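What follows is a structure written as structure tokens; I'll ask about it next.
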Amino acid sequence: MIYITRRERFSSTHRLYRADWDDQKNMEIFGPCSNQNGHGHNFVLFVTIKGKVNPDNGFVMNLKELSPIIKDKVIDKLDHKNLNLDVDFMKNKIPSTENLAIEIWNQLQRPVAEHGASLHCIKVYETENNFVEYFGE
Amino acid sequence: MIYITRRERFSSTHRLYRADWDDQKNMEIFGPCSNQNGHGHNFVLFVTIKGKVNPDNGFVMNLKELSPIIKDKVIDKLDHKNLNLDVDFMKNKIPSTENLAIEIWNQLQRPVAEHGASLHCIKVYETENNFVEYFGE
Amino acid sequence: MIYITRRERFSSTHRLYRADWDDQKNMEIFGPCSNQNGHGHNFVLFVTIKGKVNPDNGFVMNLKELSPIIKDKVIDKLDHKNLNLDVDFMKNKIPSTENLAIEIWNQLQRPVAEHGASLHCIKVYETENNFVEYFGE
Amino acid sequence: MIYITRRERFSSTHRLYRADWDDQKNMEIFGPCSNQNGHGHNFVLFVTIKGKVNPDNGFVMNLKELSPIIKDKVIDKLDHKNLNLDVDFMKNKIPSTENLAIEIWNQLQRPVAEHGASLHCIKVYETENNFVEYFGE
Amino acid sequence: MIYITRRERFSSTHRLYRADWDDQKNMEIFGPCSNQNGHGHNFVLFVTIKGKVNPDNGFVMNLKELSPIIKDKVIDKLDHKNLNLDVDFMKNKIPSTENLAIEIWNQLQRPVAEHGASLHCIKVYETENNFVEYFGE
Amino acid sequence: MIYITRRERFSSTHRLYRADWDDQKNMEIFGPCSNQNGHGHNFVLFVTIKGKVNPDNGFVMNLKELSPIIKDKVIDKLDHKNLNLDVDFMKNKIPSTENLAIEIWNQLQRPVAEHGASLHCIKVYETENNFVEYFGE
């Protein structure tokens, strides 16, 4: 069993808030992350898959196949977008880094499996000082 | 003459567009950077000042004095904000990294001079692959 | 279950040696790390906690609560300090990165638990080429 | 149980291809990685070992002992070399990052064990965007 | 006048040697960099251009125009290539980082000028510890 | 004219203070940097030299010659040392990063000149957020 990780990036805006809370409550819980006109990040995404090495080509999974999946399912939907308004799989969810990692997992788990590998971890950096990891359960 | 640089960060949203252009023209010039709901970045700012070393303390300028100036004049106004809507000194300007660097220079040049040093360079990273430098002229 | 990591930094001096060994023995085991006037590092600390995502706010644990704990229990005690002389929880211990990671765990394990999350890993970089991880057992 | 990691680097050339495939098939599977005159990377290697902290010196394993092992068994054989032609332990293997990580494990597992620690993980970065991890099984 | 820099990467193999020197002389001057089967690097390229900010769009030069020029004139010719054998503009030149920076300048100077900006600096990292800068004279 | 830069590192302890000031005054000016038992950093040094490319070998200056000079004149004297007590060329100087950069310049300027190149810049990082540059005047 070997693990291979691909790093990707997306630059997005988001706002942490709940519509059923007033501004004061949102500010109390989320602080400046609930600024009403939003703020943004250069998110960094690490997608780790695991599997056996294919003796035919020396790969767990050919990155030529993995990269377009990540691009199509995740990066094109998140990059240069507003996570609260523009992203189908984030609708009605608080766009915390935790929820973002979980939903990226949900986008990628099946397509990776269809290529004979297993999704192992989704890691998302929000800033150089904060990141989240999700292993699917 | 010696140069000292302080690195700071701010996480903001912005949108490149001109109100006097239609969506098609904005998209043609600015591409996904004109996404109407915005996108964002972890901007990284490098403020370089120059001066003679003060033999009393070995400093060009005490960072204990420089850091609060940068925080007060720049970071508090930009961090967790929308560069199009929330920032007084960016009003009516296209929030390109170029214009942002120039306006940060304009905020800091006088306060640094009042502490006996000279502002030398403002460097702003928009992503790990793009940055801008401005030397005041 | 999701994992969230906070990165912090502290700049400290230390000296690896044992008082019950002579200089020659200390130099033989610890090399230049036992220089009698000390040496120092920009240590980098990664604190990883794990837990379920709180559906109310999308967080495992609000970083607004985690950061002050790390600052109070760890960073304020280590930053700009001498690890051999100034730090209560390192007294009578060889200040190797291994021991430092274990003692930081001991400082944080209970306060994190009191906030409803679990401490998962303490990772300490001594230099860009060496780091230690401790998972509590 | 504590984990300590040492980072090392090597700059090598390689070519992904199989002699029993023609150029078209190699290009189809490996893309530009099968360029017939080769290409190269600054590989970055992370060697993680685990063990109990020795109370005599505060170490899992003295890096003064670990570093020469890594240098002798791995770095001297890979650095400034051609992975297809110059490296005994890569002979007759496709020099993918996966295979490279496995073979580095095979070089280091026994010597680390002979020093009373256990090899835990070999991590190899091929570029800043791709890396592989191997845990020995 | 403002300066904007674009970072790009290419992974190449090279060998430092002169055909008119014997192996011993090549090894004496170039050391392991003259390994006869080559070695390689993840080169990192920083292209800096300068100019006035265009008030129409806030740019010195639209990166949507600069990036394809760099890709077409430089990256496509160098990435996943052998600098001694595959690159037209490096023919008959010792592929040192110095010479590489100069020849990249020669490829980009005119196309950048044709877009109304000036090429200011070519910076090439060979490893994380070595880089070269060329300003065109 | 081309510029080549070599990056080196040293891990040292220092204390900012003046013996002719009392503790209160030292703390007022230098803050926690005057902690009486010291603190430390992983300093990062960038040595930039300039010169013409030697057509014989493609180098401004052979790094095989430059590296031992930096090691002998600077790194061996600073690494794993106390900048206040152990370093001849820092005696009786406040060990600020500014003064450190100037004194490193003084150590290297002549030996680099004797090898036919010119020292251009000494850049010293104290932390990831602060660095100093000195150009010799």
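Remarks
Letters A, B, C, D, E and F mark the chains as written, and numbering starts fresh at 1 in each.
The criterion applied here is as follows: a contact is a pair of C-beta atoms (placed from the backbone, for glycine too) under 8 Å apart; a residue touches a chain by one contact, two chains touch by 3 or more.
From a predicted model like this one, the values you see are computed outputs, not experimental measurements.
Among the remaining chains, those touching subunit B as well as subunit C are A, F.
Each step here moves to a touching chain, and the least such steps from subunit A to subunit E number 2.
Its C-alpha atoms fitted onto subunit D, subunit B is found rotated by 180°, rounded in steps of 5. Of all residue numbers used where subunit B meets subunit E, under half belong to both copies. The two sides are thus made of different residues.
Comparing each option in B-E, D-E or C-D with C-F by residue number, the pair that reproduces over half of the contacts is D-E.
Taking C-D and D-E together, the chain pair joined by more C-beta contacts is D-E.
Summarising the inter-chain layout, the chain whose CA centre lies farthest from the centre of subunit A is F. A separation of 28 Å divides the Cα centre of subunit A from that of subunit B. Subunit D and subunit F, compared by their mean Cα positions, are separated by 34 Å. Residue positions of subunit A with contacts to 2 or more other chains are 128. By the definition given earlier, chain contacts exist for A-B, A-C, A-D, B-E, B-F, C-D, C-F, D-E, E-F.
If you check the complex, the residues on subunit D that touch subunit A are 16, 18, 29-31, 93-99, 101-102, 128-135, 137.
On the side of subunit F, the complex with subunit E involves touching residues 1-8, 48, 53, 57-60, 62-64. Against subunit E, in their complex, subunit D makes its touches with residues 9, 11-14, 32-33, 35, 37-42, 79-82, 84-86, 127-128.
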